[in-house]
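By letter and in written order, the chains are A, B, C and D; residue numbering begins at 1 in each of them.
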Amino acid sequence: MSTQTCSAAVLVDFEKPLEIRTYPLPDELAPGELLVKVQMAGICGTDVHLWLGQLPIPLPVIMGHESAGEIVRMGSPETADWSGQPLSLGDRITWASSIVCGQCYYCKEKGQPTRCLSRKAYGISYCASDAPHLRGGYAEYIVLRKGTSTFRLPETLETEAIIGAGCALTTAIHGLERAPVKPGDNVVIQGAGPVGLAALALAKEAGAAKIILIGAPQPRLQMGLDFGATSVISIEEFPTPQARNAAVLEQTGGFGADIVIECVGYPAAFVEGLDLCRDGATYLVLGQYANAGDVPMNPHTITRKQLNVVGSWAFEPRHVHRAIHWLDSTPWKHKFAKQVTHHFPLAQADEALNTVRKHLSGKAVINP
Amino acid sequence: MSTQTCSAAVLVDFEKPLEIRTYPLPDELAPGELLVKVQMAGICGTDVHLWLGQLPIPLPVIMGHESAGEIVRMGSPETADWSGQPLSLGDRITWASSIVCGQCYYCKEKGQPTRCLSRKAYGISYCASDAPHLRGGYAEYIVLRKGTSTFRLPETLETEAIIGAGCALTTAIHGLERAPVKPGDNVVIQGAGPVGLAALALAKEAGAAKIILIGAPQPRLQMGLDFGATSVISIEEFPTPQARNAAVLEQTGGFGADIVIECVGYPAAFVEGLDLCRDGATYLVLGQYANAGDVPMNPHTITRKQLNVVGSWAFEPRHVHRAIHWLDSTPWKHKFAKQVTHHFPLAQADEALNTVRKHLSGKAVINP
Amino acid sequence: MSTQTCSAAVLVDFEKPLEIRTYPLPDELAPGELLVKVQMAGICGTDVHLWLGQLPIPLPVIMGHESAGEIVRMGSPETADWSGQPLSLGDRITWASSIVCGQCYYCKEKGQPTRCLSRKAYGISYCASDAPHLRGGYAEYIVLRKGTSTFRLPETLETEAIIGAGCALTTAIHGLERAPVKPGDNVVIQGAGPVGLAALALAKEAGAAKIILIGAPQPRLQMGLDFGATSVISIEEFPTPQARNAAVLEQTGGFGADIVIECVGYPAAFVEGLDLCRDGATYLVLGQYANAGDVPMNPHTITRKQLNVVGSWAFEPRHVHRAIHWLDSTPWKHKFAKQVTHHFPLAQADEALNTVRKHLSGKAVINP
Amino acid sequence: MSTQTCSAAVLVDFEKPLEIRTYPLPDELAPGELLVKVQMAGICGTDVHLWLGQLPIPLPVIMGHESAGEIVRMGSPETADWSGQPLSLGDRITWASSIVCGQCYYCKEKGQPTRCLSRKAYGISYCASDAPHLRGGYAEYIVLRKGTSTFRLPETLETEAIIGAGCALTTAIHGLERAPVKPGDNVVIQGAGPVGLAALALAKEAGAAKIILIGAPQPRLQMGLDFGATSVISIEEFPTPQARNAAVLEQTGGFGADIVIECVGYPAAFVEGLDLCRDGATYLVLGQYANAGDVPMNPHTITRKQLNVVGSWAFEPRHVHRAIHWLDSTPWKHKFAKQVTHHFPLAQADEALNTVRKHLSGKAVINP
């Protein structure tokens, strides 16, 4: 086979426009590897952080860690998906962004596979200079490593639904597994971005009595109401933590929420959330994904209010499985598909990033 | 009956010497009330904080919230102890420092009785100017309210054991109920004070594999070794958080502890403890009892290491029951009794406080 | 006040028609007691068991343990409801059928208040020959003891809703608290009676993916579908455990359910349910309320399938609180209200019982 | 290399003497395979069940599923042990008897790897007629498959300790992980065999207050006392369930145990154990490993006493890791090593089996 090539949008320098570069498709695939024609790549808020240089990554890099596509070549005829079913050419699949080694201290002894010591993520951790180069979703093709957890998408589930939900949904599924919302709980969700909306959907599914969504801008709060929020608190209308705290207390009998879910990412949000908890509450800190530095906080609050503060990092392949199954079997798939408001070709990847950076979109995607 | 009187050591002004004052014994007790001749009152570290004015309390106050004594008068002949057994004159008892109302939002709906909305504690929350005045242990007599949870001390359990353990033990029992040490866990305990040693004893009982005690001064670390610590890290020898962190990592395969228990109280200890946790660890924040202000911390740590940070406040009467039962049925009673190193008469209550303030004692007690 | 009287339907002999007897209203109420004019008394399946003599109770007895009515006299002006709010004449209330002592081994030490050693239930445990006689709902008036947990019904919640839900709902709330349905679970419910339907509603609320209801007759299965069952298995159409097992396996990928909830009461149902569990499943045994004797079972199943088999008995007052709050704040109140299909006057209490015995009704109630 | 041979004791017909047969050592090992010279093979009670034909297995079979030995040949130079460390020729190792596939419904979706759909156990599930024949411990050599979880034994841990503990310890570790003993619990252990003693050791480690061991014969009860049982109840001295129940109630304040652990295996023991539970207790059914048929039981007990009945099957590789680590770091290794009371050469494998069958030994082992 003569070598074919494909295009990719490449992050070469932080805060600089992405470059469209050409890479060869691999001549040969090792057993277990897959060559996938990317159909849709979601732009995650994390991609903006990567672009701004706020996380330690190799350059150049092809971003894109929430993608779906079609299998066009297989390294071995008998490769199975995550659940052990054989894959075929032409299958429409998505995949977990990370491979869990299954052997290290965290995978094996401590049951914390999201903290796998050899964790690498497509679209984040692979240098595009190293063969086979194509390790991110902002490209016409991606080469999936042996051991990647892949998932065939049911015919009844459109690609918009799974990419519209994105890694926000799997992150929230993992988080709420660690800190479950119980039927009857009053829930506060800090942040109306993708993670906040996904957490809202899951809290709704789990039987929350009251769900108060704090965030902005107005269109996202409206999405929150469409997703089932009982009420919303606009940070534009209630610009101070004190004002928002008063609003939450007013809606929770003066005590605060049974469970607060942080989906913001600014350190100050963490401190604000502690105050929104009733005594004995659970506080799920889901959004502090990037290292944004210190914030003054008072640890006395944790002791006195006897809180459970729970962190949760990324997700495991089984959470992707659950996301697909859940979306496909409920009307939520339509709500998440409708979140995809902006489509861009590969050449406009920069514009796509900026749309997300400026919070102009529901979900922006690239169709390479 | 002609009115009798008794003496009490009274905190009249913060940071001023206690005054010995005389109060009348009550002429009459209401049904359910008990008049108890105090035999021993422990000096808790919290008493030092109260004396320094670091907690909001009424003045004047008779301190002393961990005490034992003998019933000398009963408001009604048929008063029962916590477990429903009838009490008699002459019984040697101890009691829970707080009465749980059983009716409020936290007692009834949310199962958080230590956060009872009408919680008041003997030796802390009662103004000595208000009849019947005698509501603290630094006095010859104390008047126990109806509804107080009282516990008869078994003959086989000397008073030194229960007061030597003090509210530190019940606080630690509650804390480890919320954040259990599991058999085989590697445990780090921050702080070698009474709470730290009590947590150490309970971690040992629960089958911890390794217990690393961080603290000072040397005599308390030696007590920790006697209590079963696997190793100790002196904050005098390892004066920086970085040095202590390195020492903990070295002893935990480079990863940190499965569970860290904070028993220090300084805000900086909270931040240090987050770093001593392995990913996915539990961090029990037990010592941040007084409001000592803010400290810069990075909430990203909680998300990335997917920690469970657990607060726990005070204790319930059932924890006193468990403490008595546990001490009485194990050799631990001898270890805790030996912690009582300093006895003072009521008139030297100030000296007793200073002994604790300067960390000169194991446990200092007043024998009024 | 001259003595007034009222009528009650009294169980004098097992399996004999109830007798309408006249009892005096109490001349005086002790502090904390309430005289309530009964507005509606539900006929519970347990009442049929009582009538048939299948549970050890005193005779004569006024049955009726799920009732609501209006306060017409108060023993003291300042009596509070369960949540501490003052009650007033004219309040429409319901109440927990049992008083929890709060003092015994099970209440205090072991946290199992439904197994309170001094538990007595209105409508079940009080002999009608003993003053004040009126301790059951099948009567014009009931005298509530001091310490009864009472609940004011919100104006927006009609009496039919709370009595239509009855003790089945509170029993199911307690059960699912001990064995929670998690979002995404496949659930099998054995039994389409009131407890089965209540469990179904709660499983739905908790985010169950699939709910398979096994039972009869057809109208109750139809109710199950209205309540949100994904599918129903009629025991008339599938008359053998083998056939039902095959049907469940077919709908659960060949493995069985994540959680099975037994709401039948026949011992054979317990054995059948073990087979409907996937390995590692939870089996909530909620319906074996009466002692109906032994059944041959194979304990090897529990070890090999590593099941969690969970029993749950009755409910606590806080579960009544949750039931009222949940019904009032969701559309479920309308579904439960519609379960009340048969109303009877007190004089036709026998007919009411027979309606339940023959499974002719949704919910039958007496309006005394 | 010319083919070498070795001897094995082979179960050819149920209840017939084992035959000593000769098998070729494999000419070549596939990558990941190991050839191990067996140093010690424990005789497990399950082996007696296998020999009696009470479990479905292929014949002929080389039994022996708890063994240790020395690596004498490796299929590839870079094979790692369970924790990822490289193995070398000469290493003294033990191994998990089963390989977990990691791909099936139970491994992947439901987190129940001990119920892996493709589970096969050394010494149980492999027909000795199929190459490479050597798949059990009753032989001079064993061939370990790629993917076997192997564990190097620390120099400080003698082989007697790990084989003396055997699969009883790992089974008990798994069981108590599912149904943890909490500090202060009163525990009843049914059965003084290897599983019972291992459960006793772990209950002791976990801080049990009282441990009552029920069993026979006297030497094993004495071992129980040496292991830390608070008291023993001989089934010879107390021959009826009623008598044993009375003895347990007398020692538990009339209520029964907080947790009962079944380690007997006779169906009747399951029914007896339900009665030894206090209300709200946990009942760990650990011993019903073989299918010994039905027993009459009353499911009402589970509902009324609101029990948690927990099954647990076999163990995962990580439990072997924990067993080794625990034994090696505590004095328990000496107690378990001392359980090895009988050593037999391979030729006397029958005698070894009979010793176990007749309960004559602590632990009997074969040194091939």
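By our rule, contacts are C-beta pairs under 8 Å (C-beta built on N, C-alpha and C of every residue); 3 or more make two chains touch, one makes a residue touch a chain.
Note that the structure is predicted; figures quoted are calculated from it, not measured.
The set of chains in contact with subunit A as well as subunit D comprises B, C.
Of the two chain pairs examined here, C-D and B-C, the one linked by more C-beta pairs in contact is C-D. Between the CA-based centres of subunit B and subunit C the separation comes to 43 Å, rounded to the whole angstrom. For subunit B, the set of residues touching two or more other chains reads 105. Those residues of subunit C that touch subunit B in the complex are listed here as 80, 82-84, 102-105, 108-109, 318, 321.
Only residues 105-106, 110-112, 114-115, 178, 253, 255, 258, 267, 270-271, 278-280, 285-313 of subunit C touch subunit D when the two sit together in their complex.
The residues of subunit A lying in touch with subunit C in their complex are 176, 180, 182-184, 202, 205-207, 209, 322, 325-326, 329.
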